[in-house]
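The following pair of complexes shares a single chain, chain A, combined with chain B in the former and chain C in the latter.
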Partner chain A sequence: MNAPLRISPLHDVQVSHAARWTQAEGMQTPASFGADDAAKLVLAGIGDLSFRRRAGVKGAGAANWLNALGIATPPRHNSFLHMDDGTLVARLGTTEYLIEDAPGGTHADRISAATPGERIYPVPRFDAALLIAGTRAPELLRQTCAFDFDRLLPDGQALAMTSMAGVGITVLALDGPAGPHFRLWCDGTWGGYLWATLVEVAGDLGGGAVGLDALGSLAGQHNDASPWRHANN
Partner chain B sequence: MKLMTCPINGTRPISEFAYWGEIRPVPDADTCSDAQWADYVFNRNGAPGVKKEWWCHTPSNTWFIAERDTEKDKVLRTWLHGDDK
Partner chain C sequence: MTRIPVMPDEWVDRCRVVRFRFEGHAFEGLAGDSIASALWAAGQRTQGRSFKYHRVRGILSAANHDVNVMLQDGPRLNTRGDVVALREGMDLTAVNTFGGLAQDRARVLGLFARFLPVGFYYKAFHSKRLFPKWERLFRRITGLGVLDFDTPHIRTPKCYDFCDVLVIGAGPSGLAAALSAAGAGASVVVVDENARAGGSGLFQLGGDEARRLQTRTLLDKVRTHPRIRLLEATCAAACYADHWLPLIDAERMTKMRAQAVVVAGGAFEQPAVFRNNDLPGVMLGSAMQRLIYRYAVRPANRAVVLTANADGYRVALDLIAAGAVVAAVVDMRAVVPSSAQLDELSRKGVELLAGHAVYEAHAGLDGELAGATLCRIDAAGAVVPGSLRRVDCDGLAMSTGWAPSANLLYQAGTKMRFDDLLQQFVPSRLPEGVFACGRVNGVYQLDARMADGRRAGAAAAAHAGCGTAVDITVDAESESPSLAWPVVAHPDGKNFVDFDEDLQVKDFENAVQEGYDNIELLKRFSTVGMGPSQGKHSNMTALRILARLTGKSPQQVGTTTARPFFHPVPLSHLAGRGFSPQRHSPLHGRHAALGAVFMQAGAWERPEYYAVAGRSRIDCIRAEAGRVRSAVGLIDVGTLGKLEVRGPQAAEFLNRVYAGRYDTMPVGATRYALMCDESGVMVDEGVVARVADDVFYFTTTTSGAATVYRELSRLNVEWKLDCGLVNLTGAYAAMNLAGPASRAVLAQLTDQDLSSQAFPYLGVRTGTVAGIAARLMRVGFVGEWGYEIHVPAEYAPTLWDALMTAGEASGIAPFGVEAQRLLRLEKGHLIVSQDTDGLSNPFEVGMDWAVRLDKPFFTGKRSLQIIRKMPLKRRLVGFHLPENHTGQVPLECHLIIADGDIAGRVTSIAWSPNVGRHIGLAFVLPSMAEPGTQISIRVTDGAMVQAEVCTTPFFDPDDLRQKESS
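Now for the complex of A and B:
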């Protein structure tokens, strides 16, 4: 395995827990936390998708600029869409956008390399990106956040910016093979605290941290042939 | 739980918001007296009543204006800057 080029904001807090590591999108990330990862995922699994490449942009001209780069933008504020290639585009508020590539995608790199025009402002993204799944995930969310997650139906394409365990997060719901699951992003500097807090609460519910191997298609979503698997083999 | 309604993000617990002070007209620094400028810089109106205030929904960094009755601690309405014209 080549040396990782990117460091996860969760690396320091995960290093004493991970049983096995892999490299995804150039970032060292836990492949497994133990033999019971899959069982934890069924109840309340906390996955780490910080390795996904992402970019941010804001400003009155941001939507048109992204459209010119071939990136579709959601028409409503606080909503998201998936492009045909699996790229997730989230509209945060009125004029800010978060673009997260599907595995192997290049939109984030193209955005970072492009020169923005007037009234377009790049937003550096160093998020901790988490995934919460399992039958007891709603219970976990109720214990850590005052927001009513029933309002985030997967087919509604809505996202929310709220506070979880005291940390500002962006969160949305997605459909998965075992029912709805939740993706959330927070500032990387708060990521270790939020991850440790969620893992502790999930532990009380029979779940816990889940490595990339057990996440399977949840980590790749629209693209099951995830390139990160090649790095693991 | 005390609640406030962000014009963009909807009704949320007050813990998601930060108060940033009453909206006060800025005196013209070129023409006002020293006493007027000092009053603007150092003094605040602590009398209870209906006031317009800056608030921020911190998870989304959405800044907006709230009209609040500080005597009854009741938020009367909220709106984005520029939407009240």
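Now for the complex of A and C:
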């Protein structure tokens, strides 16, 4: 039997807008929303990175357990790091971790398959994972979130758990050649609402939904070779 | 009244003519004009009518307080003409008129003024018999503007913003504060409600160019400073906790969060009180200066200046600079301090009258100012008999005092004290992180205001963690900027204190005489300060009058509460772009494609039923339920709360949380879970599944999921048990495959042994379904053989599709919440929060079996032990209507009546196709709980419907359909 198809939590709100689809990490994901994706990305682009595999774990023994699995952990709470292979490791609070594989990565699967020991509590993560980029991204964030995102930028390794448009999110800022962009995660069941809200506000700012093709390296941070498998529908 | 030569900082663009209409007549103004300035420049001095007596009114402040010049601009009502910028094509009418501004029929009300005393509204409504009459009358003649109910919903964006230091007011002190704070390294935002920054520094000049240049220099530095953002035409409308301030501009509300706030909002100039002080042409001195320097309009050709401070002398000089003749400067002080301005006016031959006042103003045939009678006053402010003298003038400037713009300071929690020297309330204790400077802080001299700004700015920056506070000496005032008694008595009244509400001096005297001698009572009885300007020009004078009438000091009288907003905020700004978070199951798209009609369930949208063309809602629901009973149905139950607790003390944790017992539960079993609060009230329910010795997976109600997880997390921290709690509600999807054919459908997709021996009722198994890792539970909420299948959310649509395909041959179809409610009712299963309420305990709903009082502890145990010993007050029972019932059917919450009293209520009711009659659950008195008891239910129109208490389940009482033999 083939591996079952993963469906993005944002699929329902994207299905009537996407122009072309692709499969990334076994998940059906919009490759394009239209010819103006790149232009929207310059101003206020919203991308769906839910396809990236992730896992979570929390508990007093979580850090040591992850380290034993070869996964580095951030020394400070509410911060993140990128491993050399592009894996993102975020420390949420004191003893909870979110691990997101770079495309092609296997850490998430290894964590899910491993047997946790004492005071280690697996947290399955099937989040809606979004990317916000563009010169007007800060304005988009200010219209939807009461958090001061400038406080994330100077350090470059801090993350925040806050509320955006009424939805609880985890968010961090990353530097890139085109300026800072933002990664955020929320419970997938809120994802459709949050996506639609952000796309609507972004539309007022000249931006909107952006497919994987236009996102390019932004979708595979630390891995510019676009390793996900493209299979246009 | 004409345009004067170019002013250095004028706001108008002389190259752009703006055409508009006012009261049906065509006018022209200049881009940058306010509506009022354009009208004034065109000679239109009468611009509105007063609220109560419909007296003609003109410009008073030109500072967003002229509520008698409010205009209807298409769908925009109550446009404030004194500040709103002129736009091409405006078609304006004055509000609050009957038949237009010039021929307002309601002006006749002025003739009946003596029959409209203070407190008239209250007295009118005192008679119950006449109440409706007065209500109709008041509704007809009051209200400002005409509301257009077809006005489109303007979805203005809302915005959050942040800074280290927020400076409110961009006058000299505010600008100095901003530069000082930014110089210390703080990020600074300066807001000013005016279209352009600079404040009084650019219009209160007294003909002294140096004053303007000082402010201009500050302003240029602010505009170019990299750490300062200057927001013009933006009003700080309120001050909330933690330094949250809504900033209102033309487009949006910005919620600003500042580390520190500097209030440099200045002061409101206060009208003097004398007869006819409301005639068009009588205005505040600062209003005249605004007309001159902002709009390049000469306010009057021949003016009298009434003053009691240095500002009035500057007004006189500014009028002369604008080409006006100043007939006299009338100073209410007996002794006038020497000053350069005084000398300059003397040199210019202006008549200077100390110890004088304006006794009354006179209207010409057009109702506008044509002259004034001056008088001498004694030390107590009384008119000296025989001293009256008339002067012709078309302008009368009032510069007798100020009141601090302290509204935001009050809202922030500032303690204020009345300074006798200044005759003004000033901050005595500022809240942490809030600072004040300039006139609001009792500092009036220009150099001192800037010094005060530098002090406040540095202190605010230091509070925000930038630099250190500096000790800057601020010179004390050499003379009082405000007169203690700017009131001139007149036997014929019309000496207005509150222009919003047409309140005269005698109204206050009468109110106090009637016993309203407290400032809060006086406010409510007289309505002083309750008009659109919220007392910015009346509260201080009202306070002075009350103090004199009661023999108290202003400090003793105190002030009323300053509430948000500082200025009216458009409802479109408040509504803005609404965020209504909506939660969707991973299967939402599948439901929509199947024609689901959604209903709200907490934050979720769930399928109420699936619409079928040509079928009614109820037929669809019954068909869905029938299919579950006859074949197989599939329902999305992913909205249930889904939690996992793991660790050596996980069972102990559940034992404490729920009323049942879980440490004795074998791995692979599930058990009903009932949660109570400390008082023994049922608050949630679910199913606990033991998937490993130290791992329990359990569900909560849909609406209770977030609350339960939050409370359990709190308890886990408090109890310090060796276990961890994980919320899987969003991470996992769940669907219930139910019906006689469910096993056959599932068997096609899994290798799991589905025999009742290997997978018995109330068992839990881990396996794969359609290649997807799943947890399966054999539960029977709807009373059929069935499986609740839980899978990672991202695979839910794939699994749904697989089940629907596998079930095609069996006639599978989805069913919604309403069909599920009917099915569970047939089984007599209650729903917590529908069949229970905020007082229900397990014993009165027949759930004694779910409570294990032999456990050492669980939440609510102590209360339940006590309740157990007491007689029940009610019982939840099943009931049915007669099989042949026709007529009205009771609804949920209809009352059960016995002997004329309420004896209970219906909690659930539905027509059951399988039972063949209406069935329901109801709370009744314990004495009525016996099966066979007849009960009377009062329906909506008061009629009584008879029903009979019966046993439950109504359907399949022996649960045969969930057993192998079925």
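Everything that follows uses one rule, which is that the second predicted complex is superposed on the first by the 222 of 233 C-alpha atoms of A that agree within 3 Å, B and C clash if a C-alpha of one lies under 4 Å from a C-alpha of the other, contacts with A are read in each partner's own complex, and residues count from 1 in each chain.
Following the convention adopted for this analysis, a residue touches a chain if its C-beta (ideal position, glycine included) is under 8 Å from a C-beta of that chain, and two chains touch if they have at least 3 such contacts.
Here the structure is a predicted model, which means the values were calculated and not measured.
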First, second, both or neither for A:G179, with chain B first and chain C second: neither
When both partners are placed on the shared chain, which of chain B and chain C touches more of chain A: C
Partner chain(s) touched by A:T94 [first = chain B, second = chain C, both, neither]: first
Which of chain B and chain C A:V123 touches, first, second, both or neither: second
First, second, both or neither for A:G156, with chain B first and chain C second: neither
Touching partner for A:D12 - first (chain B), second (chain C), both, neither: second
Partner chain in contact with A:A146 - chain B first, chain C second, else both or neither: both
Overlap of chain C and chain B interfaces on chain A (superposed complexes): 146-147
Touching residues on chain B, where the partner in the complex is chain A: 1, 8-9, 12-13, 15-16, 57-60, 62
Chain C-facing residues of chain A, complex: 1-9, 11-12, 15, 27, 50, 58-59, 116, 118-119, 121-126, 139, 142-148, 150, 165-167, 187-190, 192-193, 197, 201, 204
Of chain C, residues touching chain A in the complex: 157-162, 255, 257, 577, 579-586, 588-589, 592, 604, 638, 644, 646-647, 722, 724-726, 728-732, 770-772, 792-799
Touch list for chain A against partner chain B, complex: 77-78, 92-94, 146-147, 160-163, 168-170
